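By written order: A, B, C and D. Residues from 1 in each chain.
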Amino acid sequence: MINQVEGRSENLSSLEFAVRDYECDLQGVVNNANYQHYLEHARHEFLISMGISFSQLHDEGTDLTVTRVEIDYKYPLRSRDRFVVKSAIKKEGNIRLAFVQDIYRIPDGKHIVSAKVTGVATQKGKPSRPDKIFSLLNLK
Amino acid sequence: MINQVEGRSENLSSLEFAVRDYECDLQGVVNNANYQHYLEHARHEFLISMGISFSQLHDEGTDLTVTRVEIDYKYPLRSRDRFVVKSAIKKEGNIRLAFVQDIYRIPDGKHIVSAKVTGVATQKGKPSRPDKIFSLLNLK
Amino acid sequence: MINQVEGRSENLSSLEFAVRDYECDLQGVVNNANYQHYLEHARHEFLISMGISFSQLHDEGTDLTVTRVEIDYKYPLRSRDRFVVKSAIKKEGNIRLAFVQDIYRIPDGKHIVSAKVTGVATQKGKPSRPDKIFSLLNLK
Amino acid sequence: MINQVEGRSENLSSLEFAVRDYECDLQGVVNNANYQHYLEHARHEFLISMGISFSQLHDEGTDLTVTRVEIDYKYPLRSRDRFVVKSAIKKEGNIRLAFVQDIYRIPDGKHIVSAKVTGVATQKGKPSRPDKIFSLLNLK
């Protein structure tokens, strides 16, 4: 389900979803918070596909934490719409990772959401350079 | 916020809420699954008010698990409705606890939901008689 | 995605899912309320696959409402578990529909949840015999 | 529950919450998406307290839509933590409204989340200057 195009400075994946009725609110569109759920699920699937296991990292003392989310809402999704979340990941400085994520409706490609999610790796609660993660993600 | 009326064979509490817009769905009413959230929150607050700490129980090897939920939906709640969850707890045989829970709209007392939630205590994964819990809940 | 086996007195479908991390709670398992989301989504997809459109029904003055849910929780799902929701639908008297739904983990077939969800059709707020729905569902 | 301090160029409110267990995820902290729910609920209560009714606006042809969300996650909330959402609202150009929202833990005032949420008013789908809303909010 995830198609990776490995690159030097970033890494790409895409994951398909369909809107479920319970994700829509009074206004008949997907509630704004639920896009964060879609984006989170796409990030986790992406990292796992690259061999990055949260539980193994945690056992080794490293945690990944989201520190900032920016989302531009361009057009709403409605009940039963199909869509794809495209995610790219890149280094931001020496200790941060940034996910650039976009949601497009299927099949017409309408641009729904544009997002940037920044995360940091911590060891024992302190920010640390996640060399192992950078290596697994093929980021230089 | 919780008013307890301690009894011999059951124990009562009530907890007030107001509907938040994001809890409503396409049909303009609270989504059916969200009533389980309200009921769960009322149960947890109830147990905590009686001195029952999940984490302390867990450290002592005991867990409380829901095994069955029955919910009758009588009338829907809408955006910004205020309501109260009334919970009674009683023994069901030697190892089970049953919560009888009702939701009433405020201020007119309209009966919204009637529910019964059954739980069991387990020690190391096996059902066990939760004497300490029965004692804290004053159930005989 | 839905495989129907049309019968005289009931109608069957199955729909596959995978657990998303945000559906799990503090205890590391899927939160009880989220199983209702899975069951609801499976019912809606089932009805749509049979040509039953909520919005068209609504425009014709008919609504389908859940009146009762019974769920037995047998075993918990965890992060990333795959599972199938199997749904059967049958008449219950002259105006009620009952969905009998089971959740099984994939690939080992572990029985996770057993549920019965009862609904009623209403016209202008009054319960009514949903002949068109019974006909589309091939129920006699 | 809402204390307003009306000003010339902005308008302030604060609303108290407590974390419910079902809002926490596998990591034992509030799931990132749920902070958007808290922020949304605080905005809606704020607007309603100022006499701004979504349904009345909608009947008059005006809708308010979120176009951008920025959230900085500074420190996580855990089960049963109490917190306050403080919201300020101001004009951003001629047709946009910006909510500056902060979440602080109670009682120690720990800064949890800092957010900016931008919205636009539309009439018949087109952005329009919401004079009535600016007036009700006392914004110049």
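Note that a contact is a pair of C-beta atoms (placed from the backbone, for glycine too) under 8 Å apart; a residue touches a chain by one contact, two chains touch by 3 or more.
Everything numeric in this text was worked out from a predicted model, so none of it was measured.
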item: Interface composition of copies chain A and chain B: same or different, split at half; value: same
item: Pair exhibiting more inter-chain C-beta contacts, C-D or B-C; value: B-C
item: Farthest chain relative to chain A (centres taken as mean CA coordinates); value: B
item: Separation of mean Cα positions, chain C and chain B [Å, integer]; value: 24
item: Averaged-CA centre spacing for the pair chain D and chain C, given as whole angstrom; value: 35
item: Touching two or more other chains - residue numbers and ranges from chain B; value: 21-22, 33, 37, 40
item: Chain C-facing residues of chain B, complex; value: 32-34, 36-37, 40, 65-73
item: Footprint of chain D on chain B - complex, ascending; value: 20-22, 37, 40-41, 44, 48, 80
item: Residue numbers on chain D that touch chain C, as the complex places them; value: 21-22, 24-26, 28, 31, 33, 79
